[in-house]
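Order of writing sets the labels: A, B and C. Residues in every chain begin at 1.
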Amino acid sequence: MAQISISDSHNAAGGGRERGALASVAAWIAIAALCAAAAPARAAVQADAAPTGLKVTDELGRTIVVPQPVRRIVSLAPNLTETVYALDAGDLLVGDTNVDDFPAAAKTLPHVGAVLAPSLEQIVALHPDLVLATNDLNRRATVDALAGLGLAVYVTDPLSIDDVLASTARIARLIGAGDRGDAAVADMRARLNALAERLADVPPRRVLFVVWTEPLISIGKRTFLNDALNRAGAQSVVEIDDGWPQISFEYALKLQPEYLVFAGSLAEANAPAADELSKLPGWRDLNAVRDGKIVIVSDAIDRPGPRMVDAIEELAHLLHPDAFAPGAPAGGSRLVTPDNREEARTACAR
Amino acid sequence: MRPLTMRRVVWTCTLLAGVLFAVSVMALKLGAVPISVSDLVVSLGRLAIGRTDQLPLDYRLIVFDLRLPRIVLGALVGAALSVAGAGFQALLRNPLADPYVLGVSSGSALGAVLALQFLPQIALATPLGAFVGAILTITGVYFLGRREGHLDSTTLLLAGIISASFLSAIIMFLMTTLTSRDVRGMAFWLMGDLSTPLVPSLRWFFLVALLVGIGAIYTTSPDLNLLVTGEREAMHLGVDVTRVKLVVYVAASGLTALAVSASGAIGYVGLLVPHAMRFLFGSDYRLLIPASALGGAIAVVLADTLARTIIAPTELPVGAMTAIAGAPLFIFLLRRSMR
Amino acid sequence: MSTLGASATESREVRARSEETARLAVEQASYAYSPTRRQIPTFTLSATSFQARQREVVAILGPNASGKSTLLQLIAGSLAPLSGRVLLDGIEIGSLDARTRAQRIAVVQQHAPLVFPARAGEFVLQGRHPYGRALHLPNEEDVALAQNALAQVGAEHLADRRMDQLSGGEKQRIILARALAQQPLLLLLDEPTLHLDIGAQVELLERLRRLAEENRYTVIVVTHELALAAEFADQVVLLHRGKCLRVGTPAAVYQRELLEQVFEAPLDVEAGPAGRPRVSLRPRLADAARPDGAGRTRG
């Protein structure tokens, strides 16, 4: 079969047709893309008029304008929900997160999703005048996105008990509950001062606050929790500044804290009783375990909100029973000894 | 013999574009806040004729400020990742290649972590940090992946894998020791998350860069068909192999850098969409590139819609959805292709 | 002389000229290669010369590491000669751009590592790549030429089959068809008979002879198969450790002492039919003298 000879005119004609087709496809893509990009640009919405309201700076240094009076609040963190209820302003709340559990009424509010992943559109659909968030739990990206949609977001950033008291007062003023806020803060301050007087001459107990058992995670010095411990007459033995440090058992053994402190929710999961821990390697070498000096405190101690002073007081009672008038500690705190571990387990399971 | 014609390319793309349109409309309709289709059509109509002020504030905020930008971003990211994946599969002559195999996502993640740690208050810092991290990784891997002056597929693959591991190790170290509470958000980034809208000042740059990248790879698509049969063979057929490999490397890595800076490391899209498109439409890159772009857009928009509605009001990161759907789809494709 | 880009008139001139002069002229071409920059380069091929016309089958013959593949790559234009030159129809191959080179020289690879599924027809159409522009989408002429190429290798019926479903022999025919679709002047093959049984080897070489004749190709085959080269080659280039020892017809090149020295094996060369030499293994003297109790005889 003979070879067919070719002409080079093939190149020009075919290439031209293809080039034309390519150009039209490119143009089609460009047009489609431009339409898509233009749509949000044209629909870009801020409030039509300049926002009116109270101009404040939140605890991250952001300047926000909060419409007055505040009638609808969405809270993005459990402690902020509790704070609003404690200020007697629970009827202003129109939405909270999935995990808000105190007081009971908070569970019945419309939910906007998880703390780290709330639904932006759900928040917007609730038409809040004010959104409360905390730098401790919420993502900065969420805050920025909500602010970009024109919502007023107030972000708290408490690093100490005093910060929490100041936050409470400021939030109260923001939502028109200034008097109640001041009163609540004054009450808490008074109780803390009384506690400080009681513990003035008492040397603080050296404690290891256990956030998690496997791996062993404790708390840093520059945290809210540490401040709470200090006020309860305790001193965290972990000499690390920030965050939630994971420490080794050798380090804990070298420090030999007098007490181990667990927060309530962990106890519900593990119910660490002295003799259970005493069977585990590493734990059993701690004096605190051998002596049964394990304390379970309600997890309100980690919630920068109204119940924290209760928790601090309870912890103080547990760690320094002699400094207080005789009487059983109130609330959900127990000193677990080999005698009452059963009681403790059932109590914590409440 | 049914050779590829321009007509087939255009028709296939039109079909896929239609599917993308339908999926987008459905995505606009669905969400934590339900919106009826008729309301949607009316709003879109009003938008088209410019009467945005007549729309109720709700719709404007939710549909046009939240959902529509999110859908557009998802579509663009899906297109970028799929085209990059198809490009790398040709460049490395390996069907398991995906956009992250050369370490771009790890370098990008490192940049994002550092930006989140040191500049959390600047919203622009994270995507820029991610992009810079990606570019540095691309450059580094390029120089590591060279042999006798030009890119060698095997060396490149090794260099990329090693870089990815090394950078991931650094990220793990940082995430354990860094204390900034903003680093907590990295988990979302690492899984791929579209809930953070792209900073408006970057949107145009993103779009243009994307089109340039996809266009650049498309111009090499006839050469890629030859390249996958062997480099020397492609050279003997007149392909400038060195130039083509460089163009594909830079463009595909650039597309990956763009996608990852905007939405984190969404997985499986870059690997599976090209294979799904090959399964449906054949391996010819002149059709595969545009089909992958559109197919990737469809995949991400679908996955993101599922992610934000399945356990509403909580929003899953879109990467979780692509991972859940990706594995079974891969097995299905594998078994069908073996028959 | 403009050599870049193939204009219509120029290629016609070139083809007309090829009737008179040698199609391929290798003039003192050599190549050296050093694994690292510091080492002194070793000559993989010393100055080699030969010429080939249209319709001619040339065998580049030699044992392993004799420089055969290097010579083929110099002819293909994928390597540039250190000294000397390689001319195709009077034009230096190195001066051609890749596209023109691909229109004139086709290299048949040994196998096609297919990473992604492809059909035979698509694969053959890739041979038209050097003639396309922009997206290189095939037109009717390309399709016709590809089908013609398939017919020439007797594989028209395989056009729609997937490459990974073909047998080794069928796949090789498709690969050859792709080279034919390039409509080259030169057809180069590197050890094409390596994995084939004797029947397939003969079939391939007969086909190459036929194609060379019908399509006026110059076919260059690199091989170490003495018998096949003797039977099918018009010209043999004998290489040994990078040196070209002899160029000529098989009868002229196949001298016993020379072959024994090159291949380091005991060989016998006889004259065969049609003036072509026949090579066989010489029986070892020791075996011939040994008495065989089992009754086997040695001839």
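Here is the rule we go by: contacts are C-beta pairs under 8 Å (C-beta built on N, C-alpha and C of every residue); 3 or more make two chains touch, one makes a residue touch a chain.
Since the structure is predicted, the reported quantities are computational estimates derived from the model, not experimental observations.
Asks: So which chain is the furthest away from subunit B, centre to centre on CA atoms?
Replies: Chain C.
Asks: Quick one: most central chain, C-alpha centroids?
Replies: Answer for the innermost chain: B.
Asks: Indicate the whole-number Å distance between the mean C-alpha point of subunit A and the mean C-alpha point of subunit C.
Replies: The separation of the two C-alpha centroids amounts to 75 Å.
Asks: In angstrom, rounded to a whole number, how far apart do the mean CA points of subunit B and subunit C lie?
Replies: 45
Asks: Taking each chain's centre as the mean position of its Cα atoms, how many Å separate subunit A from subunit B?
Replies: 33
Asks: Out of subunit B, which residues touch more than one other chain, so two or more?
Replies: 6
Asks: If I count partner chains per residue in subunit C, which residues reach a count of at least 2?
Replies: Expected reply: 132, 135, 137.
Asks: What positions in subunit A touch 2 or more of the other chains?
Replies: Touching at least two other chains: 18.
Asks: Please name which positions on subunit C make contact with subunit B in the complex.
Replies: Touching subunit B from subunit C are residues 76, 78, 98-99, 101-103, 105-107, 109, 112-119, 121-123, 125-127, 129-130, 132, 135-138, 142-143, 146-147, 159-160, 182.
Asks: Would you pull the subunit A residues touching subunit B in the complex into a rising list?
Replies: Of all residues in subunit A, those touching subunit B are 17-18, 21, 25-26, 29-30, 32-33, 36-37, 39-45, 48, 60-61, 98, 111-114, 116-122, 124-125, 135-136, 139-142, 144-145, 148-150, 220, 241-243, 246.
Asks: Show me the residue ranges of subunit B that touch subunit C in the complex, using the header's touch definition.
Replies: Touching subunit C: residues 1-6, 89, 93-95, 221-222, 225-226, 228-230, 232-233, 235-240, 278, 283-284, 286, 337 of subunit B.
Asks: Can you name the residues of subunit B that touch subunit A in the complex?
Replies: Touch residues, subunit B against subunit A: 6, 9-10, 13, 17, 31-33, 47, 50, 52-53, 57-58, 60-62, 64-69, 72, 75, 120-121, 123, 176, 179, 181-182, 184-185, 188, 195-197, 200, 203-204, 207, 211, 215, 290, 308, 312-317.
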